[in-house]
Structures are given as structure tokens and as C-alpha cells.
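One chain, subunit A, links the two complexes that follow: it is found with subunit B in the first and with subunit C in the second.
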Partner chain A sequence: MSRARAVFAVLLPGIGSAVAVTVYVILLLAVESQAAIAALLVAGVIVVLAAARFGGMARIGRSFAERENAMNLVIVLAVLAVTGFFYEDHFVLLLMATVIIYVIACLGLNLQFGYAGTLNFAGAAFFGVGCYTAAVLTKHTAMPHLLILVAGGVMAAVIGSLLILPVLRTRSHYSAVVTIAFALLFKIFLEVNDTLGGPQGLPVDGMNVLGWEFNDNIEIGEDFEVAFYVNYIVVGLIVLALAFTFVRRLERSWVGLNLDALRLDETAAACFGLNITRWKITAFTLGNFLTGVAGALYAMMLGFIAPTNFTFGDSLILVSIILLGGIGNPWGLVVATTILIILPEKLQVIQEYRFLLFGAMVILILLFRPEGLLPRPLRTYLPGWQPK
Partner chain B sequence: MTGAADGLLVSRDLSKRFGGLVAVDSLDMAVRPQEILGLIGPNGSGKTTFFNVVTGIYPTSGGVVEFDGKDITDFSPQAVYRAGIARTFQRSRLSLSLSVFDNVMVGNHMRLDQGLWFNLIARKDFKRQFEENFERARDLVKVFDPLLADRMFEAVGTFPMIDRRRIEICRALISRPKLLLLDEPSAGMTHDETKELMDDLLEIKGRLEDLTIIIIEHEMGVIERITDTCVVLNFGQKICEGPYQEVAEDKLVQEAYLGIQ
Partner chain C sequence: MDVGLFGQYVMNGLMLGMMYALVAVGFTLFFGVLDIINFSHGDVLTVGAFTGLATYLGLSKIGITWAPAQVVIVLLVATTCMAALGAVIARYLVLPLKAAPALNTLLLTLMLGTVLHEAIRLFYPLGANPQRFPPLLPTTAYSFGNFTLRVDSVMLLLAGLAVIVGIHLVINKTKLGLAIRAVAQDEETAKTMGINFTLIVLVTFAIGSGLAAFAGILHGLYYSEINFAMGLLLGVIGFSSAIVGGLGNIYGAIIGGFLFAALQTIGVLAMPFASAYKDVFAFGVIILIMAWRPTGLISEKISERV
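Moving on to the complex of A and B:
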């Protein structure tokens, strides 16, 4: 009995905060008046600051650290709860699915930048490769759609390998410049390429798994209809769970250690036998794969893609998500993506000044909290493991 | 010429030039197995460059390096490490944001399974390897400082200099190298700390009898206490060689290094 009580005591702050955040997010998404949204945001910031001030954050962190699986489940349930609340609201559900898909893409970038230290400013381009792969494959082949997700990832990884040589030959900032060049080239390439639709873009078929049409609203009974975006939220969550587990395990292994070691000091790492090239390529390729998978899913959800979806500005948003969330912390990405995607959509006033605000936010973060909103904790190889 | 043939590490006519500057100049040197050799000389005499050439960080400009009977001239740093040479750095190059255990494990790279399948999927096997290596690392750290061994999962940045030196030496020793290169381990430490670190080092040397050490040091007390033999460099050339007492008496050395008339 006392053991169960101890477990509950550890879990309580985590579950409590999850419930509070769920209610808060529902309120934020449901409210329409700009003044009410602004008030909610201010209240949210105050509560978070107060919680941090009085040790609440540390307790919540403990729940996540010590009862990881349980908390992961709680978060999934929270997302499903919000989904259920807005079951027929297309706008909100599209926003949620977008957040989920962006987190998957950012997990890929996080692997490259957060662990291996390769700053990739072409995130949106690799995301776009996944999108266009899905567009072409849904139109011209009968490939099963779940496989198309994989194909989008593989394609992004393959096209990414074009960049491997220049990225490996240059260091830090210079390799970032290589990726910037690629991001710009990619958009121009799409615009002049008529086979891929040119500036008008391409239509993409919705997902269809075993006859289940993802782009049809789900009808239950007579007059109960659920928006079709729920399909994508569910599949997105599954892909996200896989990607999240993958990145987590990678970090908590010798591979994660290798990546950290080479990011922090290449020379020292080489003196202890690390094959720098091998690990940089591994991280770059796996990262692009995840970003490409996210892109393929996104394209099938939107049903239509065009070069303007994959500008350099979009790549910058992905990078700022990582900076804001906490470099190397997957949970930080979830929080940062939610803020950066939902905020401008809800607070229409700032829509126009989106990039200005993102820029200001990145500068403020780098100045005052360079480790991000949720700083990355030290590596725990096996959660819950204690030395004997 | 001393018995170069039976040395563990032998350099023949080894040179390293940076443009017009000759940092290591036709150096002939041999380290006998199991000895502690002190590499001394004024600043800029080529000691660290010698380490960097041996460990493959710089390519040689001429000459040969042999290790354990094999030619390792211009091997990559990775290959030098696999051959059994590990080192520390003058300005401690630990990863301060990683834990003690992480840093030590970097040095254990060649003994860890690096396959993606093993690391991501076969987590039971990973756990076993992790636990084995945790014990190994902790036992090694314990020789230096039992208190440090209880703090294996704390960030290195939170430890004082002496502990960082200890961790760095553990990182070099965990893979059981045949030759350890120590680049000024006393840098940035007080006299007492240096003494403590040298006690630790001698204890380790007592346990690992096969270990051979080359140490670069400016503190003559350290050199006198722990080395079996010394090589003195000046402007990249070897000007003297022998036990510390002999070397300290040498006229050339006194002129070049100790600053006595």
C-alpha cells in the first residue's frame, strides 16, 4: 500500500500539471476574443513563472523523470482529450495535427543540431522533399500509404546525402551556410520545375489505409460527425511516439554519447577513436529521414502543396523551435512547437509580425536563457536505474 | 643513441615544421616499456607538438614513429588510439556539460558496441554492457577518489580542477592503453593538489605494471619524484637525456632551461 502511495505522490505533480495544461489549452483554443486570448496568455506566463519560483517545476520534472512511461501515457491521453473536445472543429484540429507533425520534423533537426552539432537551415526543404515524394507517389503509384511515409523519409535522407560531402568538409558555421544554400536552391528548383507543378504546386491524395479514407469525416450513427483531421492526429501521434522513442533511445546509448562527444570537442573525440565522419553522417541522415516522414504525412493531410510552403523562413521557424525549446531536449520541442504554431494562429494581431516576433524571441532566449525553456538534463542511460 | 630498438615508442629523425618554424627537429627518442619518462624543456620547445604528431593530430614533416614494433607514422588519431596510446591535454579537454561517467566512457570507445541495432533495439544487451562498464569506470575513478566515484552522474563542470584532471586521466586509462601521454597534468593546480594527483598516479602505476607513461611537466619536483628518465628538448631538438639528477647537472640543460649561468 505504502509503495502505491509513494508512486502516486511522485506522479501527482505530473498528472496535476497535465490536467491543468489540458484545460488551459482547451480554453485558449476555444476562446475567440483577442482580449481574452491575451489575458489567458499573460495568466499562463504568470502561473508558469510562479510555479518555477516556488519549486513546482522541479516537482513536475521529477514526475517525468521517475515515471517516464506513465507520464508519456498521460500526455497522449491529454492530447486525445483536447482532440475529443474539439471533435468537429476543423480549424483547431488542423492546428493540432500541424503541431504534432512539426514536432516530428523538429525531432529530426534536433538529432542533427542538438546532438551532432550540425546546424541544418534546410529543415523545410527536407520536409518539402517528403511532401513532394508523397504527392508523386500517391498520384502515380499504388504504393500503400503507410509505406509512402517511409518513402518520404528515405527520399529526404537520400537527397540529404548530396549535402553530406560539403557539410563534412566544412565546420560549424560554414556547414550551416551550405544548408542555407540548399534551402534557397530547393525552392527555386521547385518553382522552375514543371513536372513537379512549378509555382502552382501539386495535389496530393489523402491517406488511405486498408480502405479507410482519412480525408472523409467520420460518421458515427445518424448525426454525429467527427472531423477528418482526427485521423491524422491519431496517425501523427503514433508516428510521433515512434520517433520520440527512437530519438530518446538514441540519446540514451553509446551513439548519443558519441554525438555529444564529437559536438563538444572533435579533436578530443578523434583521439579516443571516434569516427567523426561516420557519426556525423548517421545523425544527418537519420535526422533528414524523420523530417521527410513528417513532410509526407503533412502533404497527405493538406491535400495540396506548393513551393511557398517550403521557404527559407519556414526552415528558420524549425530552427527557432529548437532554440526556444531547449537544444537537445525532445520535451522542449513539444512545448516550443505548441507555442510557436498555435500562438500566431490564435492571436491574429501578431500574425503579420510573426517573423519579427520569432526573431525577437530567439534573440531574447539566446540572451537570457541560452539553454532554452526546458534545458536538456544530463544523460540517463536507463531511466530509473540506480548504481548498486 | 640509446637502445632505440627495444623501445615501446620510438621516434627516428622525427620532424614537424609549421612554415618556417621547426617545432620538432630530427628527434630521436625511445621510451622503454613500463618506465615513466619525463619530457621537459622551456615553453615552445616542441613537447606538446611531439604529442600531437605521435597521436596523429598533426601530420609529420619527416621521420618515423614506431609503437610496439609497428610503424604508426601518420596514423589517424583513431588508429593511434586503437593501437594502444591514450593521452590527456594541456588545457583539459573534457566535455564540461556531460557527466563524469559520460566523459570516462568516451575514452572507452573501442570496447563499446557501436551498432545501431545494439544501441536502439537490443536494450537488454545494452543494459548488461552499460552495467559492466559502469562498474569498471567506478572502480577506476575510486582509485583516484572514492568521493568522486559516488558522483558519477554529475556534470564535470561542477568539479574543481584537480577532479577534472583525475577524470581526464581516467578517460585515458579506461581503455587500458599500453602508453599514456600526460600533457602537463599539474597545470592550473596548487602545489598540494599536484602532489595529491601524483600520489594517485603512482598508485595507478603500481597497479597497472605494464603501463608506460610519458609526462610533460614544468614542475621539477614532480619530474624528480616520479620519472625514471628524462628527455630535455630545446627548440625542437633533444639536448640531453638521462635520469633527472644527471639531467639537472648538465650544463646545456642549465643554460637552456633552468636559467642558471
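Moving on to the complex of A and C:
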């Protein structure tokens, strides 16, 4: 009995905050007037700052650290609750699905950046590889659509392997320029290549699994209709859950430990017998795979893709998400993606200025809080273990 | 191919090489004194070109229409403003991160570049569209068969050459240059010898950014058009040139710049059917060179301290 109570005491701050955040997000998404949105945002910032000031954040963090599985379930339920609330609002659901897909892509980037320390400024390009793979495969083959998701990831990993040699042989700024060059090359290539649609882009078929058309609204009974984006949210959530579990397990495992050692000091890691090349390739390929999967799903949801979706600026946005969330912390990613995707869509004033504002924001973060919003916690070798 | 057309290609290549070399020298100077890469350099070039354009428009407004005066004032204003901008960037954005991991500086300067070119796109009147750059130099042309020699191109090339020689003299013959070289070689020893480290860094950034502004004006005068996104391409290619020449080596950077221009020109010449792919080709070459010689053809002259 007392054990159950103890567990509950640990979980309470986590569940409480999840409920609060869910209500807040619903409010934010439902409100239309710009003034109300701004007011809500200010209120949100104040509440979070106050919580951080009075130790609330630490308690919530403990819930997540000690009862991770339970909290994961709570988060999934929260997303489903928001989805249920907006079941017929296409715009809001599209926004949510976009957030989910971007989180998957950023998880991939997080493997490279956050764990192995391999730079990749071509995130949007690998995302684009996934998108174009989906476009070509849905058009010209009858491959099952769930397999196309995997194919998108494989294709991104394969194209990424072209970059492996230069990335392996170079360090920091040198490897940065390799990926930057690739990001620019990819977009220019798409624009001049006529077989892939040129600047006009390509149409993509919607997802279809076992005869279930994802791009049709779901009709239940006579006059109850659910927007078709719910399909993508559900699939996205499943893929996200798989990817998230995978990344977290990887981080906890000895593979993650090796990657951490590699990032912190390559020379020292090599001296202790770690195979640097092998782990760098692993992280780079796995990361590109996840980004590609996200891209394939995104393409099928949007139904249309064009080179302008995959500019160098978009790659920089992905990097900003990683940095804002706290390098190497998957939870931070979720928060940062939500903020960076939803904010410019809801607050129309800043839509046009978003690259400028995100750039300025990252500069400020780097100058004043380089560890991000939610810094990555210390590695816990045993569940429930606390650093003394 | 006939000689005239070939000459035309050589002329274009030389001009391109001059711009790349000027940008590459900036990268290499920054790397020398601080061991950092300033990815906003290309966008500083863009801002410089736009400052020049704005100055020209301002001069026309107040009635100064004598072209030589316009050129001189445009150049002076643009280089001075960008030198100041470079010093400000170094003082308030780059130096505070000196102790942080190299990745942070890299990200910061990348984002700064984004902020700079987005600011032009959003706040310069009609900044999202390409802007026409006025022909301020005499446009008399002499034709030799297929080859047209334009006076302004020759003047631009000579001016670029003069600037490069000037940089050479400053670095090698002046006390300031000695201080810059000393800081590049060993920061701590330089400090103990009484060199004002911060001041030297700021001056180096000012010189590099001034060069970028000059290259920006060159770009505007030669192509008669500037746009807000041109810095990214020039920046990446300039940086690659600096790498090819060995970061920290000024002459290497200049050679690297001309080498890249030559490669690009040859690429267009060799594959006329694929001229749309010329930038794809350029970036592909960058990736290949990095894979082949990760620290450049003339490699960096530092051994790594563990």
C-alpha cells in the first residue's frame, strides 16, 4: 500500500504537468485572435519560469526520470486527447502531425549531433531524400506503403553513405562544410533535374495500408466525420514511439556509452580501444535512416513536394531545434519542436520573420544558455539511481 | 574552340577567382588569429554589396552624379561599414565564445549569416528580389573577334590585384602585420610580448570583413545584379578555397580561389550540355576534395595538441 502511494507521489507532478500542458496546448490551438495567443504565450512563459524558480521543474523531471514508461504512456494519451478535441479541424491536425514527423526527423539528427558529435547540416536534405523516394515509389511501383516508409529511410542512409568518407576523414568545421555543400547541392540538383519534377516538384499518393485510404476522412455513422489527418497522427505516433524507444534504448546501452565517449574525446576513446570509424558510421547512418523515414511519411501526408521545402534554411531550423531542446535530450526535442513549429503558424505576425527570429534566438541561446531549454541529464546507470 | 571565346572564358574565370580569393583571404585571416571559422563571412559580403548600393542611391539623391567620385565613395562607405560590422561581430559574438566548443562558434556564425541575409530580405525595400547594381565604371568595349574586352572588367581585375598586393604588404611589411602573424603563430607568447590580443583580433576581423565588402561591390559591378542570397554560395566556395589552400595560409587561399574558379570554368567548358549543373558540379568537387585531402592540398601547418 505504501509502495503504491510512493509511486503515486513520484508520478503526481509528472501527470499534473502533462494535464496542464495538454489543456494549455488545446487553448493555444483553439484561440484565433492574435492578442489572446500572445497573452497565452506570455502566461505560459511566466508559469514555466515560476515553476523552475520554486523547484517544480525538478520534481517533474524526477517523475520522468524514475517512471519513464508510465510517463511515456501519459504523453501519448495527452496527444490523443488533443487530437480528439480537434477531430475535425484540418489545420490544427496537420500542425500536430507535422510536429510529430519533425520530432522523428530530429531524433535522427540527435543521434548524430547529440550522441556521436558528428555534424550534419544537411538534415533537410536527407528528409528530402525520404520525401522524393516516397514520391517516386508511390507513382511507379506498387510497393506496400508501410514498406515505403522503410524504403525512404534506407534511401536516405544509402545517400548518406556517399558522404561517409569525407565526414569520417574530416573534423568539426571541415565536416560541417561537407554537409553544408551537400545541403546546397541537393536543393540545386532538385531544381535543375527534370525527371524529379524540377522546381515544380512532384505529387505524392496518400498512404494506403491494406485498402485503408489515409487521405479520406473517416466517417462514423451519419454526421460524425473525422479529418483524415488523424490517420497520419496515429501512424506518426506509432513510428515516433518506435523511434523514441529505439533512441532511448540506444542511449542507455553500451552503444550509447561508446557514442558519448566518442563525442567527449575522440583521441581518448580511441586510446581505450573504441573503434571510432565504426561508431561514427553507425550513428550517421542510423540518424539519416530516421530522418528519411520521417520524410517519406511527411511526403505522403502533404501529397505534394517541391525543392523549396528542403533548403539550407530548413536544415538550420532542424539544428536549431536540437540546440534549443538541449543537445542530446530527446525530451527537449519534443518541447523545442512543438514551440518552433506551432509558434510561427499560430502567431501570424512572426511567420514571415521566422528564419530571422530563429537565427537570433539560437545566437542568444549560444551566448547565454548553451545547454538549451532542457539540458541532458546525467546518465543514470541504474533505474532510480540518483547522483549523490 | 576559337581563341576569342576561350579568352572570354578566361576573363570570366579570372574575375570569379578574384572574388573567391578575396573571400578566402578573410576566412584564412580569421582562422589564423582565432582558430575559428566565421560562416557569416559570405553574408557580410552581401550586406557590403547592399550598403554600396544604398550609398549609390543616396549619392544620386543628393546630386553627386560624377561617376569616379561615386565609385570611390561607394567603396569607402561599404568597406568601412563592413569593417566596423566585422569588429562588432568579433567583439560581441565570437570572442565571448572563445572558451566554448568549436561547434558553438560554428553554429553561432551560421545563424548570424542567416540573420544578416534575412534582415536584407525583410528590411531592404523589395529586398526579396534581385537588385540592379549601377554600372559605375566606363563600359567601353573593344572587340577582337569573338572576344570582347570591357574596360570595366580590366579595371576591376586591376583593383582586385591591387588589394591583394596591399594585403600582402600589410601582413608582411608593417608592425600590424607582424602582430597578426605573431598572434596566429602563438597567442600566449604574443600576449607576453605585449601585443594587445583583443585589438589584433578586432583589427583582423575588420580587415577581413572590409575585403568581403570589396568583393561584394566587385560582384555587383561585374554582374550588374545583387541579391540577398548570393553570400551563401560565395561563402561556402570561399571557405572551401581557403581549406584547399590550407587554412591560415594567405597565399594558399588566393591560389585556392583561382583554382576553384578554374575548376568551375572548366566544368562549364567540358560539359556544355550540363551548364545548369555547374553549381552542383562545384559543390560535388568540394565534397570530393574534402574526402581526398581533408585539410587541403597545401595542408595546415599545425600539429594537433592532445
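Some notes on this structure:
FYI, the second predicted complex is superposed on the first by the 381 of 388 C-alpha atoms of A that agree within 3 Å, B and C clash if a C-alpha of one lies under 4 Å from a C-alpha of the other, contacts with A are read in each partner's own complex, and residues count from 1 in each chain.
Going forward, a contact is a pair of C-beta atoms (placed from the backbone, for glycine too) under 8 Å apart; a residue touches a chain by one contact, two chains touch by 3 or more.
For clarity, every value in this text was computed on a predicted model and none was experimentally measured.
When the two structures are aligned on the shared chain, A:275 is found in touch with subunit B, with no touch to subunit C. In the superposition on chain A, A:304 makes contact with neither subunit B nor subunit C. In the superposed model, A:381 lies in contact with subunit B only, and not with subunit C.
By the document's definition of touching, of the two partners only subunit C reaches A:165; subunit B does not. By the document's definition of touching, neither partner reaches A:54: not subunit B, not subunit C.
Once the two complexes are laid over each other on the shared chain, residue contacts for A:257 go to subunit B alone; subunit C is not touched.
Within the superposed three-chain model, A:312 lies in touch with subunit C and out of touch with subunit B [touch as defined at top]. After superposition on the shared chain, subunit A has more residues touched by C, the comparison being subunit B against subunit C. Within the superposed three-chain model, A:180 lies in touch with subunit C and out of touch with subunit B [touch as defined at top].
Judged by the touch definition given at the top, the superposed model places A:8 against neither subunit B nor subunit C.
Taken together, the two structures place residues 267 of subunit A in contact with subunit B in one case and with subunit C in the other. Residues 55, 57, 76-78, 80-82, 86-87, 89, 93-95, 97-99, 102, 105-107, 109-110, 112-114, 116, 119-120, 123, 126-127, 130, 134, 138, 152-155, 171, 175 of subunit B are the ones that touch subunit A when the two sit in their complex.
On subunit A, the positions that touch subunit C within their shared complex are 117, 119, 121, 163, 165-166, 169-174, 176-178, 180-182, 184-185, 188-189, 192, 267, 312-313, 316, 319-320, 323, 352-353, 355-356, 358-360, 362-363, 366-367, 370.
The part of subunit C that touches subunit A in the complex is made up of residues 36-37, 93, 96-97, 100, 102-104, 106-108, 110-112, 114-115, 118-119, 122, 232-233, 236, 239-240, 243, 276-277, 279-280, 283-284, 286-288, 290-291, 294-295, 306. By the touch rule above, subunit A contacts subunit B in their complex via residues 246, 249-250, 253-255, 257-258, 260-261, 264-265, 267-275, 282, 378-382, 385, 387.
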